[in-house]
Amino acid sequence: MKLDHTARGVFPIAPTPFLPDGAVDTKSIDTMCDFYFSAGATGLTILGIMGEAPKLDADEALAISRQVIGRCEIPVIVGVSAPGFAAMRNLARAVMDAGAAGVMIAPPPSLRTDDQIVTYYHNAIEAIGGEIPFVIQDYPLTLSVIMTPAVIRRIVMDLPSCVMLKHEDWPGLEKISALRAFQREGSLRPLSILTGNGGLFLDFEMERGADGAMTGYCFPDMLADVVRLSNDGKRDEAHDLFDAHLPLIRYEQQQGVGLATRKYVLQKRGAIAHDAQRAPAGKLTETARAEIDFLLRRLAKHDPRAHF
Amino acid sequence: MKLDHTARGVFPIAPTPFLPDGAVDTKSIDTMCDFYFSAGATGLTILGIMGEAPKLDADEALAISRQVIGRCEIPVIVGVSAPGFAAMRNLARAVMDAGAAGVMIAPPPSLRTDDQIVTYYHNAIEAIGGEIPFVIQDYPLTLSVIMTPAVIRRIVMDLPSCVMLKHEDWPGLEKISALRAFQREGSLRPLSILTGNGGLFLDFEMERGADGAMTGYCFPDMLADVVRLSNDGKRDEAHDLFDAHLPLIRYEQQQGVGLATRKYVLQKRGAIAHDAQRAPAGKLTETARAEIDFLLRRLAKHDPRAHF
Amino acid sequence: MKLDHTARGVFPIAPTPFLPDGAVDTKSIDTMCDFYFSAGATGLTILGIMGEAPKLDADEALAISRQVIGRCEIPVIVGVSAPGFAAMRNLARAVMDAGAAGVMIAPPPSLRTDDQIVTYYHNAIEAIGGEIPFVIQDYPLTLSVIMTPAVIRRIVMDLPSCVMLKHEDWPGLEKISALRAFQREGSLRPLSILTGNGGLFLDFEMERGADGAMTGYCFPDMLADVVRLSNDGKRDEAHDLFDAHLPLIRYEQQQGVGLATRKYVLQKRGAIAHDAQRAPAGKLTETARAEIDFLLRRLAKHDPRAHF
Amino acid sequence: MKLDHTARGVFPIAPTPFLPDGAVDTKSIDTMCDFYFSAGATGLTILGIMGEAPKLDADEALAISRQVIGRCEIPVIVGVSAPGFAAMRNLARAVMDAGAAGVMIAPPPSLRTDDQIVTYYHNAIEAIGGEIPFVIQDYPLTLSVIMTPAVIRRIVMDLPSCVMLKHEDWPGLEKISALRAFQREGSLRPLSILTGNGGLFLDFEMERGADGAMTGYCFPDMLADVVRLSNDGKRDEAHDLFDAHLPLIRYEQQQGVGLATRKYVLQKRGAIAHDAQRAPAGKLTETARAEIDFLLRRLAKHDPRAHF
């Protein structure tokens, strides 16, 4: 079941569950997979930036991938970004052998010119092999690499194994429109576009032509609902639900605090047993936890899933 | 009427009104000043990043400052950030002579170490003179300069003319708490903290100890209401009003598109005659304008001020 | 006498002479101009980064430009880089009215994509007017903007008033070769290429096709000699002279310390009366001054111009 | 034989030898080790940035380390910089078990504030264990992390296992003086300082108080000579030899081209069998190779070791 350009819906960016002592919480990996499946996820993305991937060693990354792939009945995308191509190739091939649907590759922060970015993806695909479906991760806020729509088009048209864009530019609404316009004019082949940024613009991203969301917001079920309502043309219902969650989406969007918030709520929801991060860990203060609890109580008035 | 550490409420970051041909729209400067005063502003900040200050030449910057100061009955803070101290000093002294309440200084993006940042403010104040009240602009997202709470404390304690922090770190809630904790323990003298980031976290920033907002959201009257409700302890009312505006706050928060959004709404509200920016200008597409109109219609159900 | 693509030889980057109290040292401006002329300069570039341009206010920048232009019998290029186009246009037009040969424009550090860079130059030339000859300053080490040869070609081919590249990429030898290859294949029109980086690679830059040097090394007479020897095909003589200066060129290349070194030697050589910089100033320690003196003594064995 | 603060002399930064097909050239690892030993190296540093470390996978990195440690009779320092602490710990512990003398740790480019840098080293040492001697790599030009002398002092004084600074700031002469002054005043404990930057300032670095060099210039024997001559007080002899090499040192200093130059000369000198880099590889053009050959011919007049 390999990933292709028809992928749609919600591919949550899964966190990596840890025990309080920093070991991987293998038991929670299973409950987390089940949680995402029940929430309506159509796929799952692991070992992304929010998955604390750089904190794992090579063996751990592979073991986690195997467990998730084994547990999930939906396609699994594995983040294989690495400082060098040897490590990237090793992980990419191993997870594909284990049954992954595809891999995701982020550009290293040192890239600047258009040609450097395109060349990087050429080199990466030469390293991992052209038969592995891959996702471009376009996340300038964290990676400081800026890809124009034309650069994304060059990568997609040059490299047939590119099937998806994880769209996380900011601002990015016009970028979706530009890419879809390329397709209408025939200069870009079909491409799945799933959006990130914690879902902060999902309401309008769907209207601009996104196929769904690939982000880690702690209510993936809401993401799935908004995608569905939007696809069904129920615009106001989509926005009503989205707006009810926006105060929490916004809170979770804070860098550093964001992952702690996410794990805190996922623990409350029973998806994982602990909200621990591996060191160095972002931590919630008492005040922050109280703020999140307050937001959940307010949210519960509109969405009973926030009621604990 | 010089600025001091007791400043509170809302100091909107004012845009600079332009005519469609790029000339300064002096007529709109007056209507804009009146608009902000009617909206409940307790002060006004001009020539900030969102005020397109770098697009103005020295004479224009001074002329605008004089007109705003002459029109406003509230304290006016003027942004005097510049690549060099000669230009900074000239503008700072001229606007103080014209009746400004104080000036705001952002660190140049090249600063890295703690000592470089503190030294920069020492040099800046040596250049403009120690008698001019000044505001530290702490805006890492755009300026890429990261000031720890301890660095801010060093600047405040070293330089008596520092009276205010424009707090715009992200995430920044814990920073407000840290600074207020410094004050409780006696290591930091009184300091006004007004928050930015388009108001995206104003609800909780007030609860953490902010004195108000210094940001350019197109409904300054809402910012004033949230500050007042929060000060009055009406927590749920504050959040209800804030949440109703959050979809638009979020939309306006997009870099580049943000200022265009802001001017578009301010024009609709009659504050300025044109939503023009001086070149190079961020522009709204038809789709973007329709999205903003849609957000305003939804907002109008909760806040009649959004009804046009 | 407007600058065009036939410009050759040495256009020293002139420092701005200051008095010890920080005022502009107008008397030294004249002696400095005479010094550069006697040293064999074929042109002069003022108000560059090494000219402490950002420390000057608009009136000072114009006054210095007028004095230099009035004193020099060779073409003068004025750096007009500015955070905004209003200031850039004002200075560019005023110095051209005063008799400047052309202006130099550096891209702002925030530019990333190829299109952003090209668009910036389009906007800049729209602002200053297409009749003013301009120089592209390509200096990634300090500006963090990376222009590929193809991007430079786009700027040159789009904008007829572009007549020169101040080449300061690092490494940059292949860039000169690439641009000259573009010209041989007919895709790039004639362009003067003068090189920077303190002269650190001038020996090979000439061999790769540079037309000369535009840099501030404290022995412009040596730069002129190397350019001449290289043009005359006296390869070993060119390298012998260059190598004798390399220890000092290398010393002067240190960022921050570099300008202090340069002014210290220029003062010794009688070009300027004081080695003062306007605050904030890089300063030489006693040890650094002794190191420079030691280098000069060693250099004097090969080049009597270093004998004081 | 663990590394301590008394380390002196030359610890070359060794490249990683590859076969033309990109496989590790294990045979050349032995010849290279012997070459460095014969050249007068007092230690060896492997898996640094110039060692193409990020291009190796975990198993390769360990295998290379073991081979080098087994072959060398001098202390070996292994670069263990990694995006996360799990990978860093694994490699650090494995190479220490294999007999390494210590490890080198560079800060990740995202660090900004003084506290972030110090905390990073605390976390790294907590991860690898406090019994492993480590070297701070201070290389702002490539890493964009700026450590003041005071920050280095905090790291050294907080963490007893810190025994050495790889000094590669630029400019950096005053930094050596500042650290040695800290020691004289008693605020900093003994620390070995070896300098990098391709040796470009080794002449004066020794005079400022460096203990030697840790850099990859293709004539480590010259580095060893300059260190010895400088230690013996033979100042002019040290500079004479250094100056003869400076044109080539300077050429090798070009980023990207530098490693290709280095491997090209090391191959000529018989240290390694191939000048291949693993993809993505910087390559020398014909012109560049001719330039290096020209520099070697000129150098051979002063230093017979450059005669091939």
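Chains here go by letter, A, B, C and D, matching the order in which they are written, and residues are numbered from 1 within each.
Keep this in mind: a residue touches a chain if its C-beta (ideal position, glycine included) is under 8 Å from a C-beta of that chain, and two chains touch if they have at least 3 such contacts.
As the structure is a computational prediction, the values presented were derived from the model and not from experiment.
Peer 1: Among the other chains, which touch subunit A and subunit B together?
Peer 2: C, D
Peer 1: Between A-D and A-C, which chain pair is linked by more C-beta pairs in contact?
Peer 2: Pair with the higher count of C-beta contacts: A-D.
Peer 1: Centroid of subunit C to centroid of subunit D, CA atoms only: how many Å?
Peer 2: About 33 Å, centre to centre.
Peer 1: Can you give the whole-Å distance between the Cα centres of subunit A and subunit C?
Peer 2: The computed centroid separation for subunit A versus subunit C comes out at 48 Å.
Peer 1: If you average the CA atoms of subunit A and of subunit D, how far apart do the two points sit, in angstrom?
Peer 2: About 39 Å separates the centre of subunit A from that of subunit D.
Peer 1: Which positions in subunit A are in touch with at least two other chains?
Peer 2: Within subunit A, no residue touches at least two other chains.
Peer 1: Examine which chains touch each other and state the graph shape they make (line, ring, star, complete, other).
Peer 2: Chain contacts: complete, every pair touches.
Peer 1: Enumerate the contact residues on subunit B facing subunit A in the complex.
Peer 2: Residue positions touching the partner: 170-171, 173-174, 177, 200-201, 203-204, 207-208, 236, 239, 242-243, 246-247, 250-251, 254-258, 285, 287-288, 291, 298.
Peer 1: Would you tell me which residues of subunit C are touching subunit A in their complex?
Peer 2: Listed in rising order, the residues of subunit C that touch subunit A are 112-116, 146-148, 150-151.
Peer 1: So in the complex, which bits of subunit C are touching subunit B?
Peer 2: 53-58, 60, 82-87, 90, 109, 119, 123, 126-127, 278-280
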